[in-house]
Each structure stands twice: as structure tokens, then as C-alpha cells.
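First chain A sits with chain B, and in the next complex the same chain sits with chain C.
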Partner chain A sequence: MEPTEKASTIKVLDFTEYPGPRYKEQGDHSGELFYEKVLKPEFDLILKKSQDSGSLHTLIVNLDDTAGYASSFLDESFGNLAYDYSETVVKKHLKLITKQEPDWNDMIFDETLPEWDQKKKKGIPRKPQLLN
Partner chain B sequence: MRVKEFIYITSGVILGILIHTLVDLIPLDSPEIVELSGILVNVILGIIIVILVQKKLSDERGIKDYFITEIGEIKTEYNKFINKILFNKNDPQFILEWFKTMSMRIQQLEYFLKDELKIKNLDNQSSNRRIHKILTNSEEFNESISKRKFEISVELNNELTNQYKDFKHSLVRTIVKINRA
Partner chain C sequence: MKKLTTKRKNYLRRRSKTELKKKKRDRQFRLNKIGTNSYLNQLSFQRKNIAKENKKPGSTIINLSPANTFSILESPNKVIAFIFRLKSYAKPNFSGYQLFIDLANVIQIDIGAISLLLSAVEELAQYKIRVTGNIPDNKNCNEIFIESGYLAHMNSLSSNLLKLQNNTKNSIIKKGRDTTRNSEVGKSIQSAMEMLTGTKKHYQPVYSIVQEISGNSVEHAYQRNSREHWVFSVNHNESENKIIFTFADNGSGILKTLRRKLTQQFFDGLGLKNDAAILNGAYLKNYESRHIGQINRNKGLPLLRRIQENNEVKNLFVLTNRVLLFLDSKKSISINRNFSGTFYYWELDLDCIQNGTN
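And then the complex of A and B:
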């Protein structure tokens, strides 16, 4: 019997209505902060639930209803996931709701995740040294 | 069946019956009756077909004109927006909100072009998204968000201008596709 899939949903809107820049140093509600405060802890929880139950748990991130994104916010948030957990694991456990701007889904899954996965494999630091 | 189509077909049937009745009343030989009936039926069918075809062509032209007007408006708004950026007159938050609204508008346009006119391989939204990414992925844009003032560098300005040119080409290509559809 196939393991049943269970999902938890989070909304970027609950983090902020106005998603900010890429890095924390550049302003409020950055992609980096969203990753550290929301996305990473939630993704860890999903992985733990999957491990404990033996069934597939998925994190659904709803990108709709904010005022609009800088592409750097999304790149930093979801790119860091691939950097820490690998493209394969992220693609298995992550789904996006992007009804308002559906092409963000393609950008994140087809460009961001593979690029950051490669970045990790090549040993490139996730953040430029000057900003660390 | 639409009301107008129903009216056309019903009119055809009524005319047919009328002709048949008239033919019965006029004292003609059988071959003449057959010939006359044939001519009249052909004329009536021709009229009905012309009306239906004209209506279909007129409807399609109306839809095409609507889409072409929408593209014209997108081009005008985009032009104003890009000029403001090039002259450093836009708040970064406004830029993000403007892109969201414009992306939704272009995606909706492409959806209906595919659905109504069966046009494939549209690249307006992908081109719009490239402009969005060039700007909002740049370090200078990210540094400007908290300052609420975005001043574009010469390098980014050139990159933006080139990509904007591609976007305008994509709009023209779409107008050509609409007229050929």
C-alpha cells in the first residue's frame, strides 16, 4: 500500500504583506529572514513528520495575496532550501500555490532549485562573503 | 442554439413552406415547379449562409480588435513605467506592486488568446518576467527598497533597455498572430 500524503500550508502573507529584499541587511521582511524564521523551521517539521510516520508529508507555500515580490526574495528563500536539503528532497516535499502569478512556480522549480543545488555542489558560499 | 441562429433557421423553414404553398397555387408544369423550387431554395440557403458567415467573421474581428486594443494599452502603460524608472522617479515598492498587476494582466491576456483564438507560443509574460528579474534581482534594487528610492545605474539601464526592446517585439509579434488567427 502507498503511503498517504499529508500536507501543511503556510502563507507568505502571514509573514508580511510587503515582501522585501534579498538579505536582512538590505531591509525588512527579506527573503533571507523568511527562510530562517518560517520556511526552514516548517520544512524541518515536515521532514520530521515524514520520517516519524513513514508517510509523505508536504509543505505547501501559498505565495498569493502579497503586494508583489522582488525575484530576489523568492530566489533567496527557496534557493536556501535547495542549498540545505538538496533539489531532490525539496521537490519531493514542497508545493507552491501561485494562482495570481503562476509562472513563479516554474521559476522556482525549474531555475532556482537547480541553480542553488549546483551552487552547493560546487562549494560556492550561499551568501557573498562581504555580506556575511 | 443561440436565439439569432434559431431565428435564421425558423425563417428558412417558413420561407420554404411559403414557396411550397405558392408553387401549389401557381398553375405550372411539374418540371417547371421543380426547377423554380430548386432556384428559390438555393437563393434562400445562400442568403442564410452569407448572414451566418458574416456574423461569425464580424464576431471574430470584434474579439481580435479587443485584444489588439488591450495590447496597445499594455504598451502605453509599460512605456510610461520604464521612462519613470530610467529617470529615477519610481519608489521600489511601487515597482513591485506594478509588476504584480502587470504580470496578472499579461497572463490573463495570454490565457484568452490561447483559449479564444488558439494562438500558441506566446512570449509576452516570459519577456515581462525577464524585465522584472533584471530589475528586482539587482543588488542596487535590493539596496534601495528600505531607502524607498531607486536610482538605476548605467549598466542596469542598458540591460533594461535591451530587454524592454525584446518585450515590445513580443507585443508586435502577438498582434501579427492575432490578425493571422
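And then the complex of A and C:
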């Protein structure tokens, strides 16, 4: 999807060329860090714009041109969005560019978002107790 | 100048004799440390123990030789038996021992076995055990061993071996403990792509594999704060124009981890009767996460299976505990000895790259 005036695009490549593991303590440029530093602030901004203007604003995240991903990096980044804002809200305001690995799009929208939404609804902590 | 007295002259004569004897003794000790014949002294290596205080002369030296066929692809059971024996010394009560790995009689060797050997040596070093050794006499094995990059991770090499080692250009080895070192791994994969295609570029399927398996290793290492480590190696086989990747860690192993949280009754209920079937189940996402309620977990191993099924890499196999499982054919080999850890092997050629980039 090409950006319109109602969409903002961010690239994971601007965060790092070498996306790392799930948690910060496991290595550099983790999914957890990407969520906290980039994804959550950008998503907040999109929601604010939608609220202020009364029209739909979308965040487009470009996953291409990095070295690649562990599924856990993507699961932790985008899953936390669903945990904090719900699957419905995220699906409404999020689009992905994944030309190099189209399977990531399916994994995030069909598995990660519903699973994290369910986790929140069941009151399960976002991070296993052992790792907190 | 004052003239020396006879008493002084005799004293100096005695002292010089004593010094000479001491020098001879020290030299003999140094020779004994690196081998028992002149060949070993010319082509030998050693991985020193971490703590210098353990370099005590006279500590026990144990000679260990693998089977002549030191190849994980040809004789996995023989290789694992040797690695098992080697790792049996990775205990605090063997601290200060010296192990001599005698590879002289090896007539068949492969990168997988060498990677496992390096991983075991790393583990021994953490227990302050010095490892020395020699290289195969067989010309072909000798070349494979030197090209593997193994020797670059030994602290000292005999001068002849040092010259040979400096000529290697087709191998990269990265080691880690509690972090995934993604940037270094990513750059190694770019270099591997350059070896294969002439262009330095990313290849996402291989990066994903290494991130998944190193992520698993460091998660467990972090939780147990143990001596766990991983070793990732890249080797270019020029004659077949393919890259061989290996990854080894010295954790508990996948099966042992699964059996810690799930009972045999559970596996029986799924119709999974043996270790190979249980291990295969982990790549089919048959089990929930060991973290209660974390339903979003366990995507990594199924991803490896998908990458192999899409032929984005080839010959991907995993060796863990008592099973060697090929993810393409689902064939498996039972291993007689427990391999405490997880070892992955896979290959990449131009056909795979075409599959992985289309």
C-alpha cells in the first residue's frame, strides 16, 4: 500500500539492519525494544491523529530490506500492540509491507494479533514470570 | 677486577650445571605438552584454559582419538560417542587436566564433526581444561580441517600450522553465550553470500534460522545463568559451490526440555511413540509453550521446517539428545549416547537462493 496523506510509514531498517531476539536482555535491537522505542510511540501518534481529525489514519510498517527476522522479534513487537490496544484497533490502523517475506504478514495478522489479544483477555502477563 | 676464589669458581660451575639441567627439563616438559613425536611438534594446536593459574606443570594429560571416520554425515554415532567422551571431562573436578585430541589417523572428516568438536572444546575451556591436539595425516582431511577455521580459535599454533592457517579464506566462526550477536551473524551471512554469488547481500531465510536457534539458546542460558554457549560456523565448499552452515549449543537439548514439561502419557495420547516422532512434533507446533498461557510462543521451530520445505536451504537436520532428524525427509537416526545440546546443519546453494528470493 502506498502512503496517502492519512498514512504514515516507518521502516524497521531505520531502527536496525539486523533485527534481534525477542527480549532486550537476549541481544541488541530486540522486538521488545522496537516496540517501546518505535512502534508504540508511532501508533499512539496515529491514534491521536485519527481522534483529532475524526478520520482514519493508518501506520504502515515496512519490514523489507533488513537482514531478516526471528519470528519472536515480530511476535513481540506487534503482539504488544494487540495487548495494549486490542486486536480490532490494531487491525484497523496497521498495514505491513513485506514484499520479501509475505508470510510475515499472515503470521502477524492471523496468529500474533489474535493470540496476544486472547492473552490480555485471559489476564496472562505479556512476559513470562521467569523473564520479568 | 677481583680474582675469583676456587670456592667461588666451583660454586659457579655447579650452578651452571644445575641451570642447564633445569633448562633441559623445562624443554622436555614443553615438548611433552604438545605431543609425543616430531610430527606433532610441527603441526599442533592448543586451546588454553581460561585461568592462567591452572597452567601447572605435571598436570594429567589424557589422549583421546576419534574413530577414523570422523564425519557426522557418515557416522553420526561414532562422532557423538567421541564428543560424549570429550564432554565427560567438562566437570569442575577435571580442572587443570590437559586433553590431547589425536586426529592423526582420521581418514574421513566433515565440517559438522569439526563444529561439534569446537563446541566441545569451548565447553572444556570453561571448566579450565587445556585442550591440545594435532591435525589429520590424511591429505584431504588435513585440508578440510585447516580450511574449517577451527584452528583460528586455538590460542597457540605451531609455526608450520600458523602459516597454513593464515591462508584460510572460506570460513567464519562466531561464538556467543548470553546474547544473539545478530549484527555479527548477519554480516557473516552477507559474507557467505559473497562467497557463493560474488555479491555481498542479505539472505533472510538463513538469518531467520540463526536468529531462531540462537534466540532459543540464549533464552535458556539467561534463565539458568549457566556455562551455556553457542558456536555458529560458515564454510564455503568451493568444489560444489555451496555453503555449509552449522550451529551448536551445549544446553539441555530439545527432547530433554520437552520431557521436562510433558509426560510420556501426553505424547502417547498424540500417538508419538519414540523420540524422533516427539522431536518432529516440535517442528509441527504440536506442543504449547513451556511458559504457562504464553500461547503466542513456539513459532520458531515450525518456521525452520517451512524454510526447509520451501527449499530455501537444503539438507537441514537437527541433532539433539538421542536423535538426528532430517527436516526434509523426516528420516531419523537413533543416537546411542546422549548429545547434551542441540546441533543444526544445513546447506545453501544457488538453487536455494533462487527459491528464497523469488
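Things to note:
Following the convention adopted for this analysis, the second predicted complex is superposed on the first by the 127 of 132 C-alpha atoms of A that agree within 3 Å, B and C clash if a C-alpha of one lies under 4 Å from a C-alpha of the other, contacts with A are read in each partner's own complex, and residues count from 1 in each chain.
Going forward, contacts are C-beta pairs under 8 Å (C-beta built on N, C-alpha and C of every residue); 3 or more make two chains touch, one makes a residue touch a chain.
Since the model is a prediction, treat every value here as computed from it, not as a measurement.
Superimposing the complexes on chain A yields a three-chain arrangement in which chain B and chain C clash. Looking at the shared chain after the overlay, A:K122 reaches chain C, while chain B stays out of its contact range.
When the shared chain is aligned, chain C comes close enough to touch A:G79, but chain B does not. More residues of chain A are in touch with C than with the other of chain B and chain C. In the superposition on chain A, A:P102 makes contact with chain B only, not with chain C. Residue contacts after overlaying the shared chain place A:E32 against neither chain B nor chain C.
Contact with both chain B and chain C is seen for A:G20 once the two complexes are overlaid on the shared chain. Touch criterion met: A:T112 reaches chain C, while chain B stays clear of it.
Of the two partner chains placed by superposition, A:E87 touches none, neither chain B nor chain C. Shared interface residues of chain A (contacting chain B in one complex, chain C in the other): 18-23, 26-28, 67-72, 75, 100-101, 103, 107. Residues of chain A touching chain C in their complex: 17-23, 25-29, 65-73, 75, 79, 100-101, 103, 107, 111-112, 115-116, 118-119, 122, 124, 128, 130-131.
Looking at the complex, you find that chain C touches chain A at residues 178-183, 185-186, 189-190, 202-208, 211-212, 214-215, 218-219, 222-223, 291-297, 299-300, 303, 306, 357. Put simply, chain B touches chain A in their complex at residues 93, 96-101, 103-104, 107, 125-126, 129, 132-133, 136-137, 141-143, 145-146.
The touching residues of chain A, counted against chain B in their complex, run 18-23, 26-28, 67-72, 75, 100-103, 107.
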